[in-house]
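Some structures are shown below for you to check.
Paired with chain B in one complex and with chain C in the other, chain A is shared by the two complexes that follow.
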Partner chain A sequence: MRARIVARPNVLKIVDLLRQQGHEVVAPFCDRGRDTYFDVVTNENRDRVQIHLANPFYPPKRFVFPQIERLLTVQRHDGHLAIQPITRAPKRALFGIRSCDVAGIWHLDRFYLGGKYRDEYYANRRRNLFLVNVVCTDPDRDIGEECFCVCADTGPAAREHFDLQLTDLGDEFMAVAGSAAGEALFSDPIFAPATAAHVEQRRALLEAVRKRFKTTTSWFSATVRYVSQGQILEATWEQVGRRCLECGGCTFICPACTCFTVSDRPAGPGQIERVRIWDSCALAGFTRMAGGFNPRRAVHDRRNRRFFRKLAHYFIQRELSMACVGCGRCVAVCHGDIGMPSVVEMIRRATAPHPASAPAQP
Partner chain B sequence: MNAQFQDNIYLPRLAVLDRVTDDIPEVKTFYWHFEDEAEQKRFGRFRPGQFAQVSVFGVGEFPASLPPSPTEAATFFTIRRVGSCTAALHQLRPGDRFGVRGPYGNGFPMEAYHGKNLVFVAGGIGLIPLRSCIVYALAHRQQYGRLQIFYGAKTPGELMYLPDLRRWEQTAGVECFLTVDRATDGWTGHVGVVGSLFKKPGVHVPVDNTVAFVCGPPVMFRFVIRDLLAMGFAEEAIVSTLERYMKCGVGKCGHCCIGVAYVCVDGPVFTYRQIKQLGEDI
Partner chain C sequence: MARRLTTCTFCGVGCGLYLETTANRIVGVCPSLSHPANQGRICVRGWHVHEVASSPDRLKAPLLKKGGRFEEVSWDEALGFVAARLEAIRARHGADALAFLNSPRCSNEEAYLLQKLARAVAGTNNVDHGSGVYSNNSINVLLDMIGVPATTNSLGELQRSEVILVDGVDLGTQLPTIGGRVIRAKLAGARLIIVDARRHRVAEHADLFLQLRPGTRVLLYGAMAKVIVDRGLVNLGFVRAWCNNYQAFLDQVMGFDLLRAADICGVSAELIEQAAVAYAQARSAAILYSTGIEARGASSVRAMINLALLTGQIGKEGAGIYALTEHNNLQGVCDMGMMPDRLPGYKPVADPAARAAVGGVWKAQLPSSPGATARQIWEDRHGGRIRGVWLCRYDPVTTASFCDVPAALQQMDLVVVQHLFLTATAQYAHVVLPVVAFGEEEVTFTSTERRIQIASQVIEPPPGPLPAWRQLVRTAQVLGADWDYTSTAAVMDEIGQVVSFYSGASYDNLARDYGRQWPCTKDKPLGTRFLFQEGIPGRPFKFMPVPWPAISRYAPEDFPMAMIFGHALYYWHQNVLVQHSETLKRELRVVLLDYPEGFVEINDADARALGIRDGDRIRLRGQGGQALTTARVTGEVRSGTIFVPFFVREVEKQLLGAAAPEQGNLGKPVFVQLEKA
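Let's look at the complex of A and B:
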């Protein structure tokens, strides 16, 4: 069995172990008020690493797909050019990543590493990343008003795609290995064997936690079907579009959004660097071509695009997961209240009660 | 942790500009070759309808159709000056270096069209991607039935690839019809939109066992499609190539995604039936 028990005072020793292995460990911390953030663990802040806290607004996506990533440099010398790819990626561990964000990274894996072309920049960062998932078990601190991972089937406990998973059982934590690298940690004496009673305790705990979510909708799967079949009325998208402020916030805090733009900038004498920068389908210029023609100018067309790309069955099959992990960040960030659960609700209200009577579309 | 990437999809290869020719106002053709001979050989196996990502370092990167046919020796782009990158490319002189990566996209399935009649309908710079198919079809003339070219531009001065057009007009086994929206001095040919050529006396467009290639500005596309459908073309028998804002060319940046298709990897060549299903304006 790949489960062990760690005594409560020893749990941050896992951070120490990972640091000793040469990982740069990133973990969540509390700032003032509700604010929480991921930061690199140092000797100074190590004791302030939090196990239970509100999930940080900025998802850990940036550790595999940075907001601005340098791709290559081009050096001009005597009329000749030399192109040098930038391939640095630190050996890093994410301690305390939530189950929704584990699902987010797994979605990015399918997207960037799957398909006809494989993104080596992403692969390089991902290869060097160790994930320690903490299960959300504290209804007051872990589970926010906006969390709906139970509807997106990503939480509160991830089933796979982590290296190590920690579940808080009170006086002790259950550690589950999800990879060979995770299992290798068990050779350290802080990990003691788990018993069947521990397993039962974890099961009962999760059973109880699942009932503590505040935002739930049973309409997610119906929405997936309606979006996939093109059964959503144009008027519904227009309604969504009218509430969109076109800020791009929903895409920038989304753990599963993948779009980027590419730009060249000066980097020194005779040198330029090419960077990729997060981009957003909410922005009017996203599809505007050099001549000025923009096939998707209307804001409701752009919103339609976002939800179609996230929920259409075609893409779910291709990437093996929805591009929504139920983290609820878009709910918190959106000033127009058109985060994912709100849009699902708008679709529920607008869609005919009998789908069979809706007009068939090819 | 400095890894060497085996296959970096974003890495442009250095190309040298050989010569530049003027085509029509604002449009130039850039002949080039890769610095690396092996790369040139690999690239030369592209299919008609594919495209490449062109880098002018310090300014940016943009997608460009490949107007040459793989049956020709030269590699070149024909580029209209329209934005910052294309303007920068227009500034380059022979001997200057720039970046190219590709070829990308599906291209036209020219082998699947063996035994069929090919009808090419182009407007303005829409002839750039179709030039590749026309030259390819002429190089494999025995594989295809009738070949017809319908091409229109605003004025006689804006007819693309004029030497090619004159040659195709003289080539046996090719029917080449030209038109302009507005005649200027010395133009004795047809005047009218491209679709008006279909009704010109003496023109007979084969419909059965025929593939129609359509490429041009949106308004021309809509009218030509209407004409072709009225003539009896099936939606699957009409093919075109889409243009979209693109940053990567390899299905990652997300800009060119329409419906369920990424134009860069699932396209840019689509049948009219597919274009209709994607559900966005061309």
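Let's look at the complex of A and C:
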């Protein structure tokens, strides 16, 4: 079994271990109020790393897919152009990524690496990223009002796609290796053998935690069916669209959203840089074509597109994962309260057949 | 990787967001979940603040025009030239030949020092912000009627309002965070009343949508007041205890006829009645309107505030008047005295005791007669008197569409422009002084809910430009003034001595939480959530009688379409940050690509009736002339109205000839006939 036990006082030594191995370790810290964030661990802030805290709002996808990323520079020099790709990606460990966000990274892996075209920029950053997943076990500190990973089947404990996973059992933590790189850490003496009793303790803990989620729910299965079978009325999308203020926040904050645009811009005398910038299908210009034609000019057509991409069976099959991980960030970021849970509910109410109008039995 | 909390630089909401930086570049932005104004939400503009990296067309050094061309010079040479020219003009033509104008996006510190330079050093009250819109329609009215020139309540309280009335502002595009709050309040059970000729996104959620004809607000609000009086819904206790001038107001209200008002407004009498009753009966009802950019007449603002006083909807949570400021620091620059007739803190320049108090802190004698407004200066240099002008972050050639600004500038002996880029206005300057950008200096802005907030420095500015406030200090010093501010915090300390409701707003205090809402004094260092929350002192409120306007019919017989000249809706498309963000350019400026010859917006039903399709050329025929332009067809515009974006100036000129609309009259429609060209 690839499980070990770590005494509570030794958990942050895993951070030290990773730093010694040459990783830039990024871990969660508390900020003002409810705000939390990932930051590089230094000798100065190491003791302020938090295990149990609200999931940082800025999604960890930015470590593999930055909000603005320089791809290459073109320099004019002596009459010719020198093109220099920017491929440097730091060796980094993400300590404290949540299970929902692990599923998000996996979804991005499928999108950027799993198709015919491999995104080398993404690959560089991903190859150099070590994930230490911390399981959400504290209903007060870990689980937010908006969390619904249980509905998306991504949490509270990820089953795979991490390098190391830590579960707080009370006096001690259970560490589970999810990859060879994770297992390689176990040679350190802070990792003691785990027993069957520990495994049972973890199982019972997780079962109890699943019942301690708050009021946000998102019952996907019927909605996936309605979306996939094209049963949703235009009026429902119009209802959603009326509440949208076209900010793009849902896309930017979502751990499983991947869209971007590319732009060339001057970077100095005789120099141009090409950047990749997050983009959003919520924005009117996203599908605008040269010449002005725009197949999704109306806001409700854009809302339709988002939820189709998130929920249609075609995409779930293609990426082997649903593009919603149940993190709840879209609930917090949205001005009009049309995050995933609200829209799923609106679709269910509007589309579910009324018993009296059910088709007669064959 | 570093991140710092700051205040957004775009609109008046003042959202809290974190800027992420790496190696002296801003590389990311994320909303603050805990910030009381926005609580995790920002708009598309805020989401792209990081895209404005160092742009190669940023000005790197001061420019001095020599032989008709700009030459890069040192700061000493540039400021020396400015000081010498300022002194020469003053010596020859008097202090009032100089004017100092800024933009409502300037920081509190810049604004304060600019008007101090004008008043204490140059000796003139020729001071104004942008085109002075806030002053024009609201400041005097608010001071007169409720004694405070600002939003009375907080944004967070909107979630607790029972009734929300939004008048004449498209919140979804101008102040999206507030738009979101209003939508969510409605979803949670509040009743939403929208008064607007335009069916914008938030209007889609209205319980009562009063889609009135342009220019008829006074009739509408007067009719509502009449209904409230007739139905016995006046809050007499409130009126008797705290309001003056009720009888004079009542006398005018009795002259309003609901049915006639309904007929002229184009809104059914039933709807007007329902809105009046809902507003009056609510436990807490808020009125939201916009003070800037979109000019509106002062009488319509008076009529709205009359309703709030009539029903006692001031001085309690969830109620109040939201005089929304659409720019990030429109409130702040006015608090700082960037008005020709008011000192920092709003006391009139004509008041000797006020001048003595401020002059005591500044150790200077202050000029007593009110100065020229920006509008007067651009129209004819205030009768030819203005010979030198200092423009801080202000680009009137682009934004002051109602005047021939280039002509005014070309006749001046000194034009000083402080800006990031070589703007259209800078082309006419004698001296251009490069400033630093958002995130490159620590300054404060005051949001629409009176929240004084720090905008942090997150990166070092490029070598060359100087903070605008430092340039003002150095200029004052060259002119012999004894200024020695070492930091913006020091400037704020002095502001606290001059503006009583900022007296507790030190940088230390502001940094502790999420800024402070003024009044923030030494006695009340935590600030004030809503005005009059500790009670209403004395009898501070005053009704303003608003008579039935002289209007026999709405539109002339042959010219049935009302043209509204609008500024707000497309204003942000000109903002410098938008121009340097790929995404914002695509989202906001693309309309300029789609309609390369400009456009006016017409209602889809009107278009269908006339056989006009989107993109067709159309003719507008008015009493003074005619114009050819392109139609943009939308269901948002009220049938019978045409919306003209401010940058389509040719249309205005062709229709009205020499009598182009005055800024203050943009609320009054011009009537035309519409046909396919």
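In the analysis below, the second predicted complex is superposed on the first by the 348 of 362 C-alpha atoms of A that agree within 3 Å, B and C clash if a C-alpha of one lies under 4 Å from a C-alpha of the other, contacts with A are read in each partner's own complex, and residues count from 1 in each chain.
Here, a contact is a pair of C-beta atoms (placed from the backbone, for glycine too) under 8 Å apart; a residue touches a chain by one contact, two chains touch by 3 or more.
Everything numeric here is computed off the predicted structure, so don't read it as measured data.
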{"item": "Superposition on chain A - do chain B and chain C clash or fit", "value": "fit"}
{"item": "Partner chain in contact with A:E246 - chain B first, chain C second, else both or neither", "value": "second"}
{"item": "Chain B versus chain C as contact partner of A:P85, first or second or both or neither", "value": "first"}
{"item": "Touching partner for A:P266 - first (chain B), second (chain C), both, neither", "value": "both"}
{"item": "First, second, both or neither for A:H335, with chain B first and chain C second", "value": "second"}
{"item": "Contacts of A:E200 with chain B and chain C, given as first, second, both or neither", "value": "neither"}
{"item": "Touching partner for A:M289 - first (chain B), second (chain C), both, neither", "value": "first"}
{"item": "Following superposition on chain A: angle at chain A, chain B versus chain C, Cα, nearest 10°", "value": "80"}
{"item": "Which superposed partner A:E234 touches (first chain B, second chain C, both, neither)", "value": "neither"}
{"item": "Touched partner set for A:F315, first chain B, second chain C, both or neither", "value": "first"}
{"item": "Partner chain in contact with A:E160 - chain B first, chain C second, else both or neither", "value": "neither"}
{"item": "Smallest distance from any CA atom of chain C to any CA atom of chain B, in Å, after fitting", "value": "8"}
{"item": "Chain A residues contacted in one complex by chain B, in the other by chain C", "value": "261, 263, 266, 279, 288"}
{"item": "In the complex with chain B, residue positions of chain A that touch it", "value": "71-72, 74, 76, 79-81, 83, 85, 87-91, 111-112, 115-121, 124, 128, 230, 258-264, 266, 272, 274, 276, 279, 281, 286-291, 293, 295-296, 305, 308-309, 312, 314-315, 362"}
{"item": "Chain C-touching residues of chain A, taken from the complex the two chains share", "value": "26, 31-35, 37, 39-40, 54, 57-58, 62, 66-68, 242-249, 252-253, 261, 263, 265-269, 277, 279, 283-285, 288, 292, 332-337"}
{"item": "Residues of chain C touching chain A in the complex", "value": "1, 3, 5, 18, 20, 27-35, 39-44, 46-47, 50-51, 53, 55-56, 172, 176-177, 179-181, 183-184, 187, 201, 204-205, 514, 582-583, 586-587, 590, 593-594"}
{"item": "Residue ranges of chain B in contact with chain A within the complex", "value": "1-12, 14, 57-62, 82-86, 95, 97, 99, 218, 243-245, 247-248, 250-260, 265, 277, 279-282"}
